[in-house]
Amino acid sequence: MVQPTHVDEHGAARMVDVTDKAITTRKAVAEGRISLSADALQAVREQAVKKGDVLATARLAGIQAAKRASDLIPLCHPIPITGVDVQITVSDDPAEVIVRGSVTTSWRTGVEMEALTVVSAALLTVYDMLKAIDRGMVIGGVRLLEKSGGRSGEWTATP
Amino acid sequence: MVQPTHVDEHGAARMVDVTDKAITTRKAVAEGRISLSADALQAVREQAVKKGDVLATARLAGIQAAKRASDLIPLCHPIPITGVDVQITVSDDPAEVIVRGSVTTSWRTGVEMEALTVVSAALLTVYDMLKAIDRGMVIGGVRLLEKSGGRSGEWTATP
Amino acid sequence: MVQPTHVDEHGAARMVDVTDKAITTRKAVAEGRISLSADALQAVREQAVKKGDVLATARLAGIQAAKRASDLIPLCHPIPITGVDVQITVSDDPAEVIVRGSVTTSWRTGVEMEALTVVSAALLTVYDMLKAIDRGMVIGGVRLLEKSGGRSGEWTATP
Amino acid sequence: MVQPTHVDEHGAARMVDVTDKAITTRKAVAEGRISLSADALQAVREQAVKKGDVLATARLAGIQAAKRASDLIPLCHPIPITGVDVQITVSDDPAEVIVRGSVTTSWRTGVEMEALTVVSAALLTVYDMLKAIDRGMVIGGVRLLEKSGGRSGEWTATP
Amino acid sequence: MVQPTHVDEHGAARMVDVTDKAITTRKAVAEGRISLSADALQAVREQAVKKGDVLATARLAGIQAAKRASDLIPLCHPIPITGVDVQITVSDDPAEVIVRGSVTTSWRTGVEMEALTVVSAALLTVYDMLKAIDRGMVIGGVRLLEKSGGRSGEWTATP
Amino acid sequence: MVQPTHVDEHGAARMVDVTDKAITTRKAVAEGRISLSADALQAVREQAVKKGDVLATARLAGIQAAKRASDLIPLCHPIPITGVDVQITVSDDPAEVIVRGSVTTSWRTGVEMEALTVVSAALLTVYDMLKAIDRGMVIGGVRLLEKSGGRSGEWTATP
């Protein structure tokens, strides 16, 4: 039977002990998207033309959130991350903003949660900046695309 | 033309001044879900039978995240929230965990971002706790269900 | 039968909704102590003679912790506290450092947890600063002395 | 004469330089307890029977606090901890909740403060969750039980 | 004789009790600058032409820091700020970046520290982003320009 | 042409990837000052005579801020710092408080931003503690004095 690693034999939560895991280069890439109304899409587009601050704010929110993943997620280890990259693209049809975040470290455990947190924070920030125009935006497709490093090695999402 | 409220006339980000908005009771409810493999679903179910710590951890992550929304989202106002409720349900078909978060305050601006942050943090925590079983889980359908209070009044998502 | 207020009817944790409670002046006073070896006591005393930084550091730790109680304690409301006072005294017989913390606010819920957090953080800081001299120090007697304000009114610890 | 390590020769606080200390596996275990009234004890017991959220919340508060020890304690180094375990037991006679926290890392300085912070945060959380039933609870016996690793090696509390 | 308000009669630090001060609209404006080499100035200018992210990042750092002033400054009250505006200008002769930050609230105490923190964080961020080009940049002229609201009323810096 | 390292080829902010940089001992020293009125200077002096808490508070604010540099500065890496030292001196003519902060680590990237953050936080704290006496204080001369370690090696400010 499957046994979640964050829960001990009596069902009590714990932070898994990774003290003895090897320090290796680890990377994770995650992705997500937010659907927009035509008005919200237009606002993002025109910002992009002018000074780009909607997307710049979301990008920075994502980078900063990578540093706070272990604050947000109770059993997540604090990880001294060594790189964060956030790519944001705007799609017209369907109308959506797509965020891809990648995080790297050289540490004892992986950065999947950091990459997913980057994407979630960036998408929440897009929502925040556009909510006066469109409250009906929906965040979806938030998932891990790939990870590498560590004992479990490479993993890639099925397309 | 539409004009995002978080950006001034030159495109520079700012925190919107809400000093003169009335203090009223405000509430927001948001929802989201994470799709699970059969193995992950089983693990959640068996936890629920034993001590329920997977869902209890997600619930607490959501509650605590409500207090950190303005840390995560750059232009979000700090809000002295006065109540948070998180409902988590497990669905078998489709196999998913569904989180509904509601946040209340009596303040000058709404708590939509807090409610969406509750949901995002709880879903990320579910991912974290089950990722050793299933890395392919996908978070989606994160959206505002309803809000009340403030100048813009009631808003309900279209079903 | 008794029913803890932080748990709903199904046993799930929640942040109790205080939106409708009145804004009144609320105050709480808490106390605690740490027992010291003779060497540790002497070090504190000599610091007090020179520049007092051991106690000054503990006092500041207490004040700052008052602002983070809702970060540390999952279901604690964020409260805009309006005053913190920390009194630290050193006793020779028994050899101990005694911390008394009081916190005030004008808000919808009380500051008992803030006062207890002040005391705990100050005592942990005393331990930290003296642990190279004495690892056997014990923190005890951490309790609420009195509270006032709010619906439940005055409360004073039995001596 | 004894000289506290956190204070320089003029009495000014500093964060001790551990740059040249070896990276070794370090562990610390701490303990503490909170005395309860019969009503509070009963509430904890019945929760344990139903869904256990009082203790689950305290356990999570402890785990998360381990990550924030250096925020709470001014001269404490930030430490990338690699494991946290929290054991909570309920005693009937005397009526109390007992928390034992252990923290591990592979780093240049020890995790005694992290272990003591785990215990303090968990006990404060028990107080918070039961304070509507019993404001007279007292936290005590918070102390280091053992530590290992680093230059000073093993240390065990005298019974 | 003058007596600093943050220190009690025995010289011990405290958070001044503002519970009884009136809730009024309060505003503070602060300013500061960082001197640049010609190369650093050129880099800022060209960014401004391309996407402006150096200044956008500094602006966001300032806005977010306004929310953390009470984390950084030990005796500063937590304040639910209601607006932040950051203006950044680039001067060619002398070569410098000038930051002006204004913060508003409706609360019991002023936001001077918040405005000064906005400016400091934005200037530190400019340094961070350009330090690979010029490590000799100097931050200066960080001062309050004006404040209004509260018992002490209006205050304007002498030119 | 110069190219800021924190900005990718399209002008979008990123956290520079330092995963492959060597772990070496790195140190940075920064300095800054705040000008005071005669009254404020006298208050600092008399505190120094009594219990020194104004300077003790500023020193602790500096030490704690070193741990939060990556929270304040968006693209700054989280760094497990291993030592912080803050020296504060009071000058009569000109009347000013001078802060020097040094930070050390053994990590993949330097601690210049941490040292500058120490100085900024300590100076803001001096302002905060004396602002009731003198609102016209000005913070200036905040700059890096020297850094060592890492690929770029030694750097010393021109006098």
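Think of it as A, B, C, D, E and F in the order they're written, each chain with its own count starting at 1.
Heads up, the rule we're going with is that a residue touches a chain if its C-beta (ideal position, glycine included) is under 8 Å from a C-beta of that chain, and two chains touch if they have at least 3 such contacts.
Remember, predicted model here, so these are calculated numbers, not experimental data.
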Could you put a whole-Å number on the gap between the CA centroids of chain C and chain D? 15
Distance from chain D to chain A - Cα centre to Cα centre, in angstrom: 31
Mind pulling the residue numbers of chain C that touch at least two other chains? 12-13, 51-53, 56-57, 60, 64, 71, 74-75, 80
Once you draw an edge for every pair of touching chains, what topology comes out, line, ring, star, complete or other? other
Can you name every pair of chains that touch? A-B, A-D, A-E, A-F, B-C, B-D, B-E, C-D, C-E, C-F, D-F, E-F
Within the complex, chain B is touched by chain D residues 51-53, 56-57, 60, 64
Listed in rising order, chain D residues that touch chain C in their complex are 1-7, 10-13, 32, 39-40, 42-43, 46-47, 50-54, 56-57, 60-61, 64-65, 68, 71-76, 112-113, 116-117, 120-121, 123-125, 127-133, 135-144, 147, 155, 157-158
List the residues on chain A that touch chain F in their complex, please. 25, 52, 55-56, 59-60, 63-64, 66-67, 80-88, 104-106
Note which residues of chain B are touching chain E in the complex, please. 8, 11-20, 70-71, 74-75, 77-80, 107-109
